[in-house]
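Structures are listed in the sections that come next.
In the two complexes that follow, chain A is the common piece, with chain B as its partner first and chain C second.
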Partner chain A sequence: MTIDFRPALPALIVALTGVVALVIDAFTPRAGRSRTQSVCLTGLAAALLVTFSLPVRIGCPACSPLTGGSVVSDTWSVALQALVLVVGMLALPLSTAYFRAIDQDRGEQNALIMFAIAGMLGLVSSVELISLFISLEIMSVALYALTGSRRARSDSQEAALKYFVTGAFSSAFFLYGVAWLYGVSGGTTFDRIASTLASPLGGNVGCALLASGFLLVGFGFKIAAVPFHSWAPDAYQGAPTSVTAFMSTAVKVAAFGALTRVFHGALFPLADRWIPLLAALAVLTMIVGNVSALAQRDLKRMLAYSSVAHAGYVMTALVSQPPQAAAAVFIYLVAYSVTNLGAFGVLAVLAKDGKEPLTLADISGMARRRPFLSAAMAVFLVSLTGVPLTAGFIGKLRVFAAAISADHAVLALVGLLMSAVSAYYYLRVVVAMYMEPPQDEDRWANVTGAAGLVIALCALAVLMLGVFPERLFAWAQTAAQTFR
Partner chain B sequence: MTASSPLPSYVPILVLGAIAAGFAILTILFSHLIGRPRSTPAKSATYECGMPPVGTAHARFPVKFYLVCVIFILFDVDAAFLYPWALVFRELGIFGLIEMALFVCILGGGFAYAWKTGALDW
Partner chain C sequence: MSETLLRHALALSLALFAVGAVGVLLRRNVITVLMCIELMLNAANLALVAFSRSWAAVDGHVMALFVLTVAASEAAVGLAIVIALQRARDTLDVDAFDELRG
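Moving on to the complex of A and B:
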């Protein structure tokens, strides 16, 4: 019996690094400081190298998988795994800085981040529903624990409980959809499902549609699309801010990677039926996310609703044809993750003595005390709005172009209108930082070291991707070769 | 079973479900209609197999049991995989040995973590 383990190698490396990190922190004397950040970063870098050195199979997403039909290494998986790993490498220093500031640096959070990343790597490379589901659960269980890792705070516990309960609920929906698809096609691999759905289904069409609906609900919870988003604001607000930064970016990358593969790979023969549904969800998500964000006073909650809205923007791309949709999704995910990681990261690195900026008043006049950090935050917020010369603009451009090319101009129109609405709540933060008088005393941390470097790198990436997007377009083109 | 209608094979299960649900509903309905509603302390007491009930159901117990449960799962999963592995050990050969060694090492990492962080101190 031979099994090709190579496509699973990146996930295995990351998971083993997590175990090693756990043991190292258990065996070194505890001084409130974890020593595993460098170990974890090395593990992620090694996984990144392996990801790029694996043989890449270019072709349809759903034929002749490498490993007995579970996990593949193709252009889409390589691109998304690289993105997840880079986001992880950027999130780790933020996490260490934040957990030191709240005096909870116990090492476990590093291991949990590694386990979550291992799940994400599996999620974007699975071409089979069972391994997809297991990867989803590995990711989610680690994130539930991370969300509640500020144990002394009741809001962190509340966030973890809400995230766990809704997450378990959505997993049940997902699994039920898997069961129905298995019933229809007699298999769980994507190529089997796609070929069954492409043949005349007869009376089974209803079952297949039901299955697609259940899968959409399951994914909808994970990406926080609108009828299924209600956990997101509470979970993002209550979770430690560095964890919020990580889970609002990496989780969306992984979940959208898998969603694109499932719907544009396995379920594509039913595209005529699920595209209207997805379009309706996208419109709802954009409107509800942005309008709710307008009313928020808490910065983390505002950014939480904003990331709900951004899930809507990504969904508009999914209504177009596979290669174009995948390319647009990838471009948006890259732009969104560096931007959003930076925005939450700025809030996280300002934490000091267990406190952190939560409201507009907390950061008013910050530009005078921390000019560089404020400039970075302004760049992130402008990019989230989608102003030209930033990554956010490039992302929105490609996503809306994809929707228009598929004759869904209404989606692009709603997206544009809602981007205009979003300018109000994003720029309000910039106005507070630059135009309002500073607070009497300086209560926030001075940003130095690795965390500061991460913020600088994110800001630089946002500008570079915005000004010179050709490289990103080329990557996206390569990534989308899987969908042909 | 024809391809156009996969349902007939499931009809007996549906009938079984209907009979089960109907039995439950009918018993409750008839006892409600025929029986006289007369409440006594013995009737409203918690059902304890004929014994007089002792205390409430919501007894407090040490939270440490939760850790015992979690660590039990560690060994439970270990054992659950070792038994079938032992059965096919010859067919798997050296590949199976390496696989299982890796698996046990990962679980061992978890166990070492639990031990060192004091989860086993009672």
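Moving on to the complex of A and C:
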């Protein structure tokens, strides 16, 4: 009996890098600055390299979780792991810049980001319930600590508490769904569950539906779908801005990656039952997310509600058939990640002396003082709106096309209407930056170095993906091969 | 494991889960809320162990062990957050944490 550890290698490398980062910071004299950023970046790059060099779909789907095969390296996991790792590499310099600006660069945040990424890598490559749940928890626990990592501020602590309580609550629902699914199928691998659910269930169909419902509630909290979204605005607003940038993107990538695999893999035989439910949640999420964002004065809170709305857009793709749904989900996640990371990133890099821009008034007239940064922010906001020639447009095009192809045109219609609504609150920020007079004094940081490079890369990626999407479509096609 | 015993174990597990979930939603003291979450996790553990016995397999038992570990680490981080917040606000009432809203 041999255990094939290779599919778990990327996650193991990242987790080990996190431990190394902790040890390095423990043994170097503290000058208020962590030196572990380059170590962590190297670890992520190594994991990325390993991800691509692993043979695809190794590990045996039929074997028991105890003898290996709980995580696999297939086209979906490779694509999603690569996305998570790239988001992590972009988020690290932002995080370092932000934590230096608030004078709290102690290094733990780098290690915590590594641990969260290790969990995410496990989450998107799990094909089995035990490893799925453990990965989810590794990710979540690291994120609770990251959210509260601005220790001097009570709003950061409050955000951490709210995130923790709702997160643990949702984990319990998720676990309960896992338990019942195990009870129905007698096994924990997705293959086993799918084959059990495809056979006549008899009296067990109620249990299977109960289990699916619990899993949907658990995932709903993690992706912040309405009505399970109440934690998101508070957590995103109170968390350190660079952490918000990271968790509003990477967590959604990982959670949607796992959600697609669970519902379009293990639970697909029950698709007739959960698709209407998912469609209803998508409509609710798009409407509530966008309408709530309209009323926000705080920029982070506005972007938080916007990311709730974007979860709704992704969900519209999930009502279609597996390969198409997976491809559309992947395309949207790529587009959304670079855009949203950039948008929160701009707010994070402007932080100076423990303060950061919070309202429209804080960034009014920014275009005159920070022309490049303002241009980048405008690109991100336009892409979030979904204007052609940006990545956001390509993403929305594909998810709405997927919904229409599955005879759920209503979803696409609601999505389009809500995109129009969202233009108001996104473009209001652009107007403030470009058309209003600047403040008397320049209170914000000058962007330099790695963080500036990250913003530039994100803006470039948004435009490149928007103008030349063919490469992205090809990647998505490959990634979706898992779901044939 | 007999069918009756499985049914009884699952009924108890559902009841514990419901008590935990209602407690999280209704209780106002943070520590009690954390205890209710533990109750929900343990309800899931009970279901896992019962199912594992009825399938005569070990996966459920193994998973229950993992859940215990996860619950411990979750409690560690959760209590750390509660302590930090208690120092800042001098209260454990969840309704008092309303700085972030809108």
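Just so it is clear, the second predicted complex is superposed on the first by the 473 of 484 C-alpha atoms of A that agree within 3 Å, B and C clash if a C-alpha of one lies under 4 Å from a C-alpha of the other, contacts with A are read in each partner's own complex, and residues count from 1 in each chain.
The rule is short, and it goes like this: contacts are C-beta pairs under 8 Å (C-beta built on N, C-alpha and C of every residue); 3 or more make two chains touch, one makes a residue touch a chain.
Given the structure is predicted, the values throughout are model-derived calculations rather than measurements.
A.B. asks: Name the contact category of A:407: first (chain B only), second (chain C only), both, or neither.
C.D. replies: A:407 sits against neither chain B nor chain C.
A.B. asks: Touch check for A:442: first (chain B), second (chain C), both, or neither?
C.D. replies: In the superposed model, A:442 contacts neither chain B nor chain C.
A.B. asks: With both complexes superposed on chain A, which partner does A:23 reach: first (chain B), second (chain C), both or neither?
C.D. replies: In the superposition, A:23 contacts chain B only.
A.B. asks: According to the stated criteria, A:203 is in contact with first (chain B), second (chain C), both, or neither; which is it?
C.D. replies: First partner only.
A.B. asks: Applying the document's definition of touching, compare chain B and chain C: which contacts more of chain A?
C.D. replies: For chain A, the partner with the higher number of touched residues is C.
A.B. asks: Which chain A residues qualify as touching chain B in the complex?
C.D. replies: 1, 15-16, 19-20, 22-23, 26-27, 202-204
A.B. asks: Mind listing the chain C positions that touch chain A in their complex?
C.D. replies: For chain C paired with chain A, touching residues are 10, 13, 17, 20-21, 24, 30, 33-34, 37, 40-41, 43-45, 47-48, 50-52, 54-55, 57-60, 62-63, 66-67, 70, 73-74, 77-78, 80-82, 84-85, 88-89, 94, 97, 99-102.
A.B. asks: How about chain B: which of its residues touch chain A in the complex?
C.D. replies: Touch list, chain B to chain A: 3-6, 91-92, 95, 106, 109-110, 112-113, 115-117.
A.B. asks: Under the stated contact criterion, what part of chain A meets chain C in this complex?
C.D. replies: Its residues touching chain C are 64-66, 129-130, 133-134, 137, 140-141, 144-145, 148, 151, 154-155, 157-162, 164-165, 168-169, 171-173, 175-176, 178-180, 182-183, 186-188, 233-234, 237-238, 295-298, 301.
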